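Okay, so chain A shows up in both of these, paired with chain B first and chain C after.
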Partner chain A sequence: MTKDLQTKSDSALPRSYAARILLDTMGRWGARAGLLWIGIVAFCAIFAPVIASSHPILLQTADGQWTSPMLRHLSAVDVILLVMTFWTGLLLIVRMWVKYPWFKIWCFSLLVLTVLSLSFVKPPKAIVYSHYREILASGDAQYAFFAVVPYSPTDRFRERVEEMRLLSPSGEHWMGTTGSGEDLLSRMIHACRIALAIGFIATGIALVLGVTIGGLMGYFSGIVDLLGMRLVEVFSAIPTIFLLIAFVAFYGRNLYLIMVILGLTGWVGYAVFVRAEFLKLRQQDFVQAAIACGLPLRSVLFRHMLPNGITPVLVSASFGVAGAILSESTLSFLGLGLVEEPSWGQMLNETRGLGGSFFWWMGIYPGLAIFLTVFAYNLVGESLRDAIDPHLKKASHL
Partner chain B sequence: MTEPLLRIEDLAVNFDTPSGVVKAVNGVHLSIYPGQTLGVVGESGCGKSVSALSTLQLVPTPPGCYERGKIWWSAKGEPPVDLLTQTEKQMQSIRGNDIAMIFQEPMTSLNPVYTVGEQILEAILLHQAVGRAQAIEIAVTALEDVGIADARSRLKTYPHQLSGGMRQRVMIAMALACQPKLLLADEPTTALDVTIQAQILELLRELQIKRGMSIMLITHDLGVVAQNADVVAVMYAGRVVEYGSVHDVFDRPQHPYTRGLFDSMPRLGEEKHRLRTIEGNVPDPGNLPSGCPFHPRCRDWQEDVQCAQAVPPLQEVFPRHWAACWHGTGCDQGNASLADIPPVSTTA
Partner chain C sequence: MDNRFGFKDLIVCVLLIAMIISFWLGRVQYDRQWDQLRAMNQVLVEQKDQLQQIRQLLANGVQAKVQQTGSESVDENDPFTRLREVRAKPDFSQGDWFVYPFGSTVGKLTPLVSADVYQSVIASQVLESLAVRDPVTLAWKPWIAKSWTVSEDGLTITFELREDVHFSDGVSLTAEDIVFSYDWIMNPKIAAPRDRAYYSKLATVKAEGKYRVVFTLKEAYFKGFDICGGLSVMAKHFYNQFTEEQFNESPGLLFGSGPYKLSVNPKQWKPGTGKVELVRNDQYWGVQPAMDRIVYREITDDTARLVSFRNGELDRYNPTPEQYLALKKDPQLRKQKQFFEYETITGGYRYLAWNQMKEGVPTRFADKRVRRAMTLLTNRQQMAKRLMVGLATPTSSPFHRLGPQANPDVQLWPYDTKQAKALLAEAGFKDRDGDGIIESATGEPFEFKLIYPASSKNYQQMAFYLKDAYARAGIVMEPDPLEWTIMLQRIGQRKFDAMTLGWSGSVEGDPFQIFHSDQVSDGGDNYVHYINKDLDRLIDQARVTMDEDTRMKIWHQVHSILHEDQPYTFLWTSRAVMFVDKRFKNIQRVKTGLNGIEEWYVPRALQHWSE
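Entry: the complex of A and B
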């Protein structure tokens, strides 16, 4: 086995450990399937206003002028996401031919774009979704090109509210409508953003905290470890959902607050993982050699030890992302999530109508989306784990 | 008389373990002069590695603890400093720059996630005020110095693509890239096969002559010491039991332990059926026997002498040849000051 690996890696180009793990992971069907679904969700999240919007993408008014109401109604976040996606693609394509510090340029342009769009992108405040439908009906416009799903997530069809409520799936509304008369598919697509953001940001906060605290505990051991482990015990005793409910009750429904709380309570698992890895690693010869070279602590910890100990943490982080999505869904399902922004858990909440009525499309589609996303992250995590430790996989099959 | 580059005085290092305090090093005196190779020999667990690690403050604390002693380091022209009292920041500028270390296991001493070049460059950029392009040139020269062909392209290889001997060469190149004055070589050839072993030792000797640095060569192989060291220190149970120039120690070993070691080694041209062994086992460092730690295994031990009661001090039995045994057989010259063990002739 090891001999096999040896000859393989010797014959190939010099490959780093990370590259080998990545290649091995990508070779597994679980990772591919999981990443495919995450890719679909990410695509929907980025292009949501282009895929689902009540504003026509192109509109030719009666006097023959072409306009794009969709573009005019983009928010600052929409603009940042769309522009950065294309810009990243362009940077990466150019990188194939020319070597340049693309990451620095990327970070810089993200900063510039954020500042610019926050100060200059001002979508109209009062939005009348029915406006363009009325224009078309009255013949004031010659031509209008709508998005694939021609409804915005908060478009409640003011002109005919009563008849639009809780329609079951049909040709016009592929996934039916909600209790307020919004198109479910449009809301599903726009909810991808929250699902992705909450998972990545909450886990990101938890990772940074966990790796730093766990790394220091493992490296210094002794009294630092003793105090750190007590801190871990204190934090692991906090009931996350209860804390979330309490905070939402006091400080209102704020997505960022939810992310921060999930991050602040989720780091303990990573800290314990990293601590165990670092306790093992600090005895390793190459760490001793790095210290003996006179490298500063920062470099020893984060350049030499962390890359060798991070892989198991990444595995648990991919499960952590799934957990964060579930937590947000739980909160929204309990009716404590966001109000205006669509989220899968919140839609699930509306499945039960008054008087025990049940609207199946409100349960199936968001439920399936939550299930598939959590499943996808778990698949990726599992493939990553198998790639890092082939023995574990063998043992689990016995 | 020149000043010693490094002088270890009465060093004692303890380890707190669940089964009690282990005295890994218990009163070691050593000194290394510029350009000299000091061979430190002893069985596993006798404290030779811990002595070297203490020099760079690399003993993990906890569980380790520097119980007592001083390690004087005197770089050119400056008053000696005690390495054990230096702060972490001060140590960082000494490690790799003044004192470098190479380890026993070349297979695990290089970081698997970085290329050889990245690891050498990091050390060079840290200690020398040079730009990246210049650092690459220094790294290439360092690799060429240790006999690696095609050094420039080797910079881009990962450690797993190199053989054990190559990795040890890379380790040496890394350690020597910043021109240290002292190299601590902790069993540098133990993990390598005999031909590679000879090449690496030859290489170390060449580089030493070229750069005039000192080497502390830790090994359990008496043959390696005989060929490479100028001065030899034999360690047993955390103490130096015999100390002298290679010729003196090899020609007339004074301590029964040293004699036992030589008896258990086959010699060329000498017909022997069975080698003599040293009876018994190394004592448990957490539970040393009273008096001379070697006495339960000693062939010369007689009940009537003080062996079992008191630890014998290191005494000068012949001029510039010390042994720690109550049965000192040499001429009694009186106790020389242990704090200043004078240099043994380095012209071998």
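Entry: the complex of A and C
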């Protein structure tokens, strides 16, 4: 009987709680505005190669054949993102009518797709962007249908580079061009991907580490807690930005390395949160019951305790995402980010012209993008916290 | 119990805080006094030493000698004629500082063990040599040596030293110090392979009495006199107190007889403070220069450096080409600063180096055709015009086109993608699987990384240019910016595919250091592993040819071979542009660029910095 009751409460309570929190959060205008902006950024991140590319979506050659250079130049990551977006939509729509383990199917298809595209999608690496403009001018191609923003982020207009450099916004280049002659809008769109990826992956790593370490500390307390807290103290003393700068200097510019370092140094806050929650929860009846039933530690920790203690961590995670985006921007601003790939911070760095001049379009747009993204995550985090905290909730309803 | 914070408590708190603050202020004051006391103490110790020396001199009866040197000052061999002329100017005034920006940090000041170009800039103010090149005629003129004789066969050079030269601590400089300088370089425990290779041309250096040194060369060498006359004199009594290991490890052991000395004790100097300060050597044996202090400030960011210069915190500035374009039109800057633009033979050149041997395996650049194809793909004319804003002139060799070493018959390789593709195809690189990238016969795609210093935007723009240019031939190049120290390390270990940097030039360049196969191993500068026996033979032959015309003919052949082989893609030589603050007077154009800082001065009314 106890087991029956346990499972019932287990399945019913957290879900309804989560749903309640979700509804409450979505009811706040801050969260809506924040999510709207994150949605826009996510859309740009996923569809970047379709929205902004120098490769024509459709190209008709002189002999009348139709090709799609844009599709041929999609990278493995592009393919995964695009296919998975449509596949997820399809799965969710079907789910409205038929109940099935859609999440398992989703995970499985992600795995299969990743393996397939990493091994089979090989876009050309030696790219001459001016090629299309040349063949269109010479009549080797009859017709080309370009994307909305017909410039790739690394298209530096080699055939007329001098006139293309540092143009202020115009009808042709909506946000102007950079010091190397690249279209700023295209770079802005493609940079969304780095911003999102760094935020989610770095925070993801930090979350996994923080929850595991914090959970163990809270559950076992005693000597484990004592040692764990010392570890927390050690890690919270690491200056992340300096560590990043040192690593970039020695091991080169690698986005994944940056993510991992941000993750490895950022887990401390989550660990402390989860520890506090677990210290509180471990004495409660349902946990004692789960232990008494002889459930394995993994199950007790992550199935029974974690859903009850995760919400405050999610709040700080949304602030963590914002922090990670800022860290990457800082690094790029200092000129230590990726070399060619666009990033908002790196564009911001180019605002100060070499001759001491100021190019406003390279300050305003990337600056605004960073500000809005960080602000959006903070808004969401704020709303989530308000929704969870009953005291605040009362106050806000007054 | 009611425990309220009353008026009395407030007064007690305020009193306590006041006490703490006054205590703290007192401490700060005490610290300052202590610092001053220490400085005074140091000066006293120095003066005591000087007094002792004077007393000693007096005891030895140098009265007559002083008169002698007095009459010597009209000697035409006086190295300080130029400086005396400057000092005779009506508005000449001693004082003010010169603040010199460095684009990179200086890790070591110790001579020989530092390979840094910035170190050599600093050392040139502190260390002196037996002879120097006259800035106007480029002929050697006496400095520490008052005269010299060269034997018939050119193998023995005897220097007579001046007797009044002493180091910055007052100890006089004798033949012993020169012998010691040579022995120290040749000591295998000293980490100075580059200098050792250079001085290995010498057989012996012997002191004959206190003020005569005899250099003997192993074989004739056209730069024989340059080697002997240009030897920086290191103080035996100073450097002898360190073991070889200590010398190799210490960062700041810079001590000499020059017009300036380090502002701190060389043993205590530490890198990373953002600046290096030299103060005038008040005991200098020669004519004192005008500047009280030379401050070298390390500002790595191009833009930050420019802002500092605009604000008057820096006194000279070398703009990047981009900045030059913007600044040339800046009326405000032109009013406040002097502007110089010049090209010299010693200006050096920029190059792309193709590594032919990486980790014991020959790379694709080991094939001469591939290297030539890379050169054909590099649009030097366009890059010189656009990237270097017309300041650069493409070059086909390490020899400057204005000098006699360059072969006038050699024509620059043109920019020709078709010919390059044909050459690559001949070398076996073709697109075999239709992916747009060319592959070798074994199916290995032509991909490589180009390393360049990360701090420079100009190098970055250049890397992007090259990437786009090579993509046209189906070659994938990945720009890989590296931190300066890491880049040096990678070059030392030969762990790179291709790199770009610049070499500085000299009046007559010796390609032995860079292109001779002897320099491949042991951290030599032939880091691309370029071996051509014909070239080796020619270089060896030229080095022992003392007749200038014959030697130039051989250099012309060397030029042709380098042009054929393209161990480097020689990019361009460029005109130097420099802004200097307006308050500095007597800046002149000389053959090697501008005259030295020691000849500049600031009239009293315009002086800006002081203690």
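The rule is simple: the second predicted complex is superposed on the first by the 376 of 398 C-alpha atoms of A that agree within 3 Å, B and C clash if a C-alpha of one lies under 4 Å from a C-alpha of the other, contacts with A are read in each partner's own complex, and residues count from 1 in each chain.
By definition in this document, a contact is a pair of C-beta atoms (placed from the backbone, for glycine too) under 8 Å apart; a residue touches a chain by one contact, two chains touch by 3 or more.
What you see is a predicted model; the values in this text were computed from it and never measured.
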{"item": "When chain B and chain C are modelled together on chain A, clash or fit", "value": "fit"}
{"item": "Touched partner set for A:308, first chain B, second chain C, both or neither", "value": "first"}
{"item": "Which of chain B and chain C A:294 touches, first, second, both or neither", "value": "first"}
{"item": "Partner chain(s) touched by A:284 [first = chain B, second = chain C, both, neither]", "value": "first"}
{"item": "Touched partner set for A:241, first chain B, second chain C, both or neither", "value": "neither"}
{"item": "Chain B versus chain C as contact partner of A:250, first or second or both or neither", "value": "second"}
{"item": "Touched partner set for A:137, first chain B, second chain C, both or neither", "value": "neither"}
{"item": "Degrees between the directions from chain A toward chain B and toward chain C, using C-alpha centres, nearest 10", "value": "120"}
{"item": "First (chain B), second (chain C), both or neither touched by A:111", "value": "neither"}
{"item": "Per-pair minimum CA distance [chain C against chain B, superposed on A] in Å", "value": "25"}
{"item": "Residue numbers on chain B that touch chain A, as the complex places them", "value": "56, 58, 60-62, 88, 91-97, 100-105, 108-115, 122-123, 126-127, 156-158, 160-161, 171, 174-175"}
{"item": "Chain C-touching residues of chain A, taken from the complex the two chains share", "value": "122, 124-128, 156, 158, 161-162, 179-180, 249-250, 252-253, 335-336, 339-340, 352-357"}
{"item": "Of all residues in chain C, those that touch chain A in their complex", "value": "302-303, 306-307, 310, 320, 322-323, 325-327, 330, 386, 435-437, 445, 447, 454-455, 457, 460-461, 464-465, 468-476, 479-483, 486"}
{"item": "In the complex with chain B, residue positions of chain A that touch it", "value": "6, 9-10, 14-18, 221-222, 282-286, 288-297, 299, 303-304, 307-308"}
